[in-house]
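So that you can tell them apart, the chains are marked A, B, C, D, E and F in the order they are listed, and the count of residues begins at 1 in each.
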Amino acid sequence: MIYAAAALAILVTMGLALTRALLGPTVYDRILAVNMFGTKTVLLIAVFAFLSDRTDILDIALLYVLINFISVIAVLKLVEQGNFFTSGESTTNKMKSK
Amino acid sequence: MMEFILGHYNYWIVIFLMMLGFYTVISRGNMVKKIVGLNIFQVSVFLLYISIGNVSGGTTPIIAEGFTRYSNPLPHVLILTAIVVGVATTALGLALVVRIKEAYGTIEEDEIHDQDQSL
Amino acid sequence: MIDILIDIILLSFLAIIAIAIIRTRSLLAVIMLFSIFSLLSAGLFMVLDASDVAFTEAAVGAGISTVLMLATLALTKSYEEKPSSHRPWIPLLVVSVTAAFLVYGTIDMPPFGDPNAPAHQHVAPRYIEQGAKETGVPNLVTAVLASYRGFDTLGEVTVVFTAGIGVLLLLGGRQRRKKKKEKR
Amino acid sequence: MIEQQLSLLLVAVPLLAAPVASILPNGRLPWLLALVVSWLCLAMAIWQFIIVLDGHIISYELGGWSPPWGIEYRIDAVNAFVALIVAGIAAVTMPYALRSVEQEIPKKQSSLFYATLLLFLVGLLGIAQTGDVFNLFVFLEISSLSSYVLIGMGRQRRALTAAYQYLIMGTIGATFLLIGIGLLYAETGSLNMVDLHARLENALDNRTVHTAFAFIVIGIGLKLAMFPLHQWLPNAYTYAPSVVTVFLAATATKVAVYVMLRMMFTVFSFSGFVRGTPADEMFLILGTAGIIAASIYAIYQRDAKRLLAFSSVAQVGYMVLGIGFGTALGLTATVVHIFNHALMKGALFMALGAIVYRIGSSQIDKFDGLGRQMPWTFGAIFIGGLSLIGIPGTAGFISKWYLVLAALEQQSWFITATILLGSLLAVVYVWKLVEVLFFRETSKNSKIKEAPLSLLIPMWLLVLANIYFGIDTRLTINAAKAAVQLLGVAP
Amino acid sequence: MILIDSLSWICIVTGGLLGIIGGFGIHRFPDFYSRLHAAGIADTLCALLILLGLALQAGFTLVSLKLFLIFAFLFFTSPTATHALANAALHARLKPKLANGKKK
Amino acid sequence: MKHNLILRVIAKFLIPIIVLFALYVQFHGDYSPGGGFQAGVIFSAAFILYAIVFGLDTAERVVPPRVLQILASIGVLIYAGTGFVTLFLGGNFLDYNVLAEQPVAGQHLGILIIELGVGITVSSVMLLIFFTFAGRNRP
């Protein structure tokens, strides 16, 4: 029961984050919303693991955290430097915020 | 009737998703977006398979104590393979897009078409 | 019951995202939305009791595919999609016909989650009942993947390998910018 | 021991060779490996063909699991025949590849290129051998992915767009196939072809199965370049490197035709799902439309490779017609045409490859008088062209003859007329090539030598095969008849 | 037992509410930086509370270790991502919306 | 990324954990979700993170592309090779029963080996693809 309530709360939050991701307005808002959405998905999975009583699927939640982190970092790298090969010392900043 | 809808709504939404992806592929001119559309199309097909493999009241097919009903593992296996095939296709498609951009200076199909015609 | 609710809500999120992807012009936003789409579909896979698939989709769709698309964007420097001059109704027609066909096909399909569906009656019971005994692996997906249908997986690895050398062939060499004239 | 494992080794040996080839040092070593492997495959394919020719069926259980649970290789005369064609073309193409690839592909990519070529071979052989629909999908994707790469290796930049277009259409096709397989699985719970057939017998009225059928046909139709779905093919053939064009044109669509046959006759029962339904008419209409439209397109092409590519679309139309008849004669015609078309398109594209090797272009207006400077290459084009038209004494005649017989048997005068008209149109476009090559004046300052022997020998091997199988039809017709019986159509 | 149950109830409910509040936060706040703020704080705390609630249910097992790991990851990655994001935005000269309402 | 000290520290701390997690997924895939493919992707994700944060050149010094290419081949060879080993031991292709005295033990061993092959190929190919994409256009 409590898990169901938690799942619902998380779903509502996801919906809110999703609307922000759709509305923008800047690219950073979108990234922020995507990040938040990812975090909430992780929580949803953790809750669902308990809901369905299969706690071994918590591994997936663990994976989600990682992947989410990496994709957010990758987006930032692209937005900030416009390429994937620099180590970060030089800043070419090809793309301004939208 | 109600029972019929409850038993099939999942397929219908999945079909709707599939068609959104398919539409993106065939209606857009931007090559990256086409590949995104292709991915959506494929992921929706995966959802169709997994829906087929679902058993209500079942659980994920890892044998554990306290569970007797498991969902069908075969569609899961097929989809694992299909996901891999999908990412391989995506990688190749994107590689081609990069090369096309270098050769033509654009990734819009219309402009590429114009350039080829003017040759 | 809550399963069904989560299922429906996640599916509608997916539909919203897919529509947004069609309508968004900024490619960066499209790719980020796609990343969410993958992540969410992976969540849906999990709700539908396919944890291995969820695992893979999360790692591949949200991880690798997104990063590759971003890398492509960095290389092509095309951040905006130009409005298409195609007439939209031909694709729309094709899609509607396909959708109509599919919906027609679902009419005779066994209801969602029906344990008596033919798909669960013929081949699958052996995997579920004997799989762990015959292979010594409690994760049935791994058992089927690696043993019963091990050859498919060999094919799958070959596909990955093909993609690897394919990308190397297409992008591996140094760029030949100076020869642009020759290339026509 | 080898005899039992033969059907598997045919796929597994090139599969093992491909990763090895990719890490060999660049140069001739990977080519040598590919050559040896392709000849080994040919030997195994011949052996396998001899075993199954008398109606014997090889069933090989991969992983030791019995069929509906594991994957089965099920070899009958049809599979063995198709595998033989693929392996044979590969064995002839590999010697040809050496010089041609050295010229068209940068040396430092040669090992990867041959590895991809081997993977393409693996994919095609895997499709031909398997008896499991999902395994078929996987190997279809191996062959498709490698062909996208191979096409993209062409020297002109349009090769890239051609490859991209093929990638999109091919993937849509594969996804349609996947949907079809999924729906079939939902209705039957099985993936094994023979098992599916048994379980579909009493599902004739099932709407899901009808949809599955439609999706599978469209999916394969895309791979097959069936007439309205052929848009990827001309560009792909035109801009791919010469070797790739030869290989692709001679094998890829043939294997797709085989898959279509397999699906229509082994998985679905033809009499139940096709005969008397709109699908039946559809095949005939698309076949005739394909023959006429593609032949007319071919006439107006200015690029020789493109001309032949459209001719391929037309030839696919003949094969589709044969399927549409669904009679023993029609199927014989299709199966024989799979073989004969591989021979003639192989020879023709090899000859064009030799011209490209010498002059670096396949534009017809650059061919003026080339036939007199390269007499052997011209000879190959001439005889290959005759075979394409279907002149008696060439292989092409045999398949057209059977097709006409099949049409007459159905008393379908319209289709008979179409087949003849298609041949007439073929005369026009072949003549277009011959005229430019032989009867135009050579431009004065050009000194073009005959193509090197390593290109000529494989080319003429196929040309001679065209003549041989036009006179001695025992092998092809017997094989086709055995095949037709296995597909369950009463003779 | 009841104590632990009720504790985990409280944790999960508060966590869920915080999540929703954070969700509203990224809609109600006027500009990017304040949204970042809302998301950052509410998000981390919400995750902490929910995971804590779950861990209380699971007891002292491998499961709670995994939950702890998830939390650790979130705890490290979420602020890192947020930080990097703020950095990037600042770097791209995205101006905060100031009291006088001037936007870039 | 400029001013990214925090990112660097966190990445240094996270990457070993990710690799550890990948190994867990690889070898625990028989009992919980996961297996060679997933492990391979996670493993490559660790290196992708490394390359993004510390620069591609540094990452390529750690794992040169040529090595990756060889590893990719080795993975496929391990898988296909297992098939050939079972052939020589008298079974069918990929029939792991013959790998050990007991069929079940053989199955388990076979599954472990081929999952290893899958893991090696997938991780190296994914990394290779990323390096190739990221390194294009590098000055």
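Observations
Following the convention adopted for this analysis, a residue touches a chain if its C-beta (ideal position, glycine included) is under 8 Å from a C-beta of that chain, and two chains touch if they have at least 3 such contacts.
What you see is a predicted model, and the numbers here were worked out from it, not measured in a lab.
Note on connectivity: the fewest chain-to-chain touch steps from chain D to chain E number 2. Common neighbours of chain D and chain F, listed by label, are B, C. When the interfaces B-F and B-D are ranked by how many C-beta pairs touch across them, B-D comes first. Chain centre most remote from that of chain D: E (centre = mean of CA atoms).
Separation between the centroids of chain A and chain F, computed from CA atoms only, is 25 Å. Each chain gets one centre point, the mean of its Cα atoms, and the points for chain C and chain F are 21 Å apart.
Centre to centre, using the average C-alpha position, chain B and chain C are separated by 4 Å.
Separating the CA-averaged centres of chain A and chain E is a span of 12 Å.
Contact of a single residue of chain D with at least two other chains is seen at positions 15, 18-19, 22, 62-63, 134, 138, 141, 145, 148-149, 152, 157, 179, 185-186, 191.
Listed for chain C are residues 31, 46, 49, 51-52, 54-56, 59-60, 63-64, 67-68, 71-75, 77, 102, 106-107, 109-110, 117, 119-120, 123-124, 127, 138-139, 141, 143, 145, 147, 149-156, 158-163, 165-168, 170-172, 175, 183-184, each touching two or more other chains.
Shared contact sites, meaning residues of chain F that touch two or more other chains, fall at 1-2, 4, 7, 14, 25, 31-34, 37-38, 42, 45, 48, 69, 72-73, 76, 80, 83, 93-94, 96, 122, 129, 132-134, 136-137. Chains that are in contact with each other form these pairs: A-B, A-C, A-E, A-F, B-C, B-D, B-F, C-D, C-F, D-F, E-F. Interface of chain C with chain A (complex): residues 2-3, 5-6, 9-10, 13, 16-17, 20, 26, 28-29, 31-33, 35-36, 39-40, 42-43, 46-47, 49, 51, 54-55, 58-59, 62-63, 66-67, 70-71, 73-74, 77, 79.
Of all residues in chain B, those touching chain A in their complex are 59-60, 62, 64, 66. Of all residues in chain C, those touching chain B in their complex are 7-8, 11-12, 14-15, 18-19, 21-22, 27, 30-31, 34, 37-38, 41, 44-46, 48-53, 56-57, 60-61, 64-65, 68-69, 71-73, 75-78, 81-82, 84-86, 88, 91-92, 94-95, 98-99, 102-103, 106-107, 109-115, 117, 119-120, 123-124, 127-128, 131-132, 138-141, 143-145, 149, 152-153, 155-156, 159-160, 162-163, 166-167, 170-171, 175, 177, 183-184. Across the complex, chain E meets chain A through its residues 8-9, 12-13, 15-17, 19-20, 22-24, 26-27, 32, 35-36, 39, 43, 46-47, 50-51, 53-54, 57-58, 63, 66-67, 69-70, 73-74, 77-78, 80-82, 84-85, 88-89, 91-94. Within the complex formed with chain C, the residues of chain D that make contact are 15, 18-19, 22, 62-63, 65, 68-71, 106, 108-109, 112-113, 115-116, 119, 122, 126, 134-135, 138-139, 141-142, 145-146, 148-149, 152-153, 155-157, 179, 183, 185-191, 199, 206-212, 214-215.
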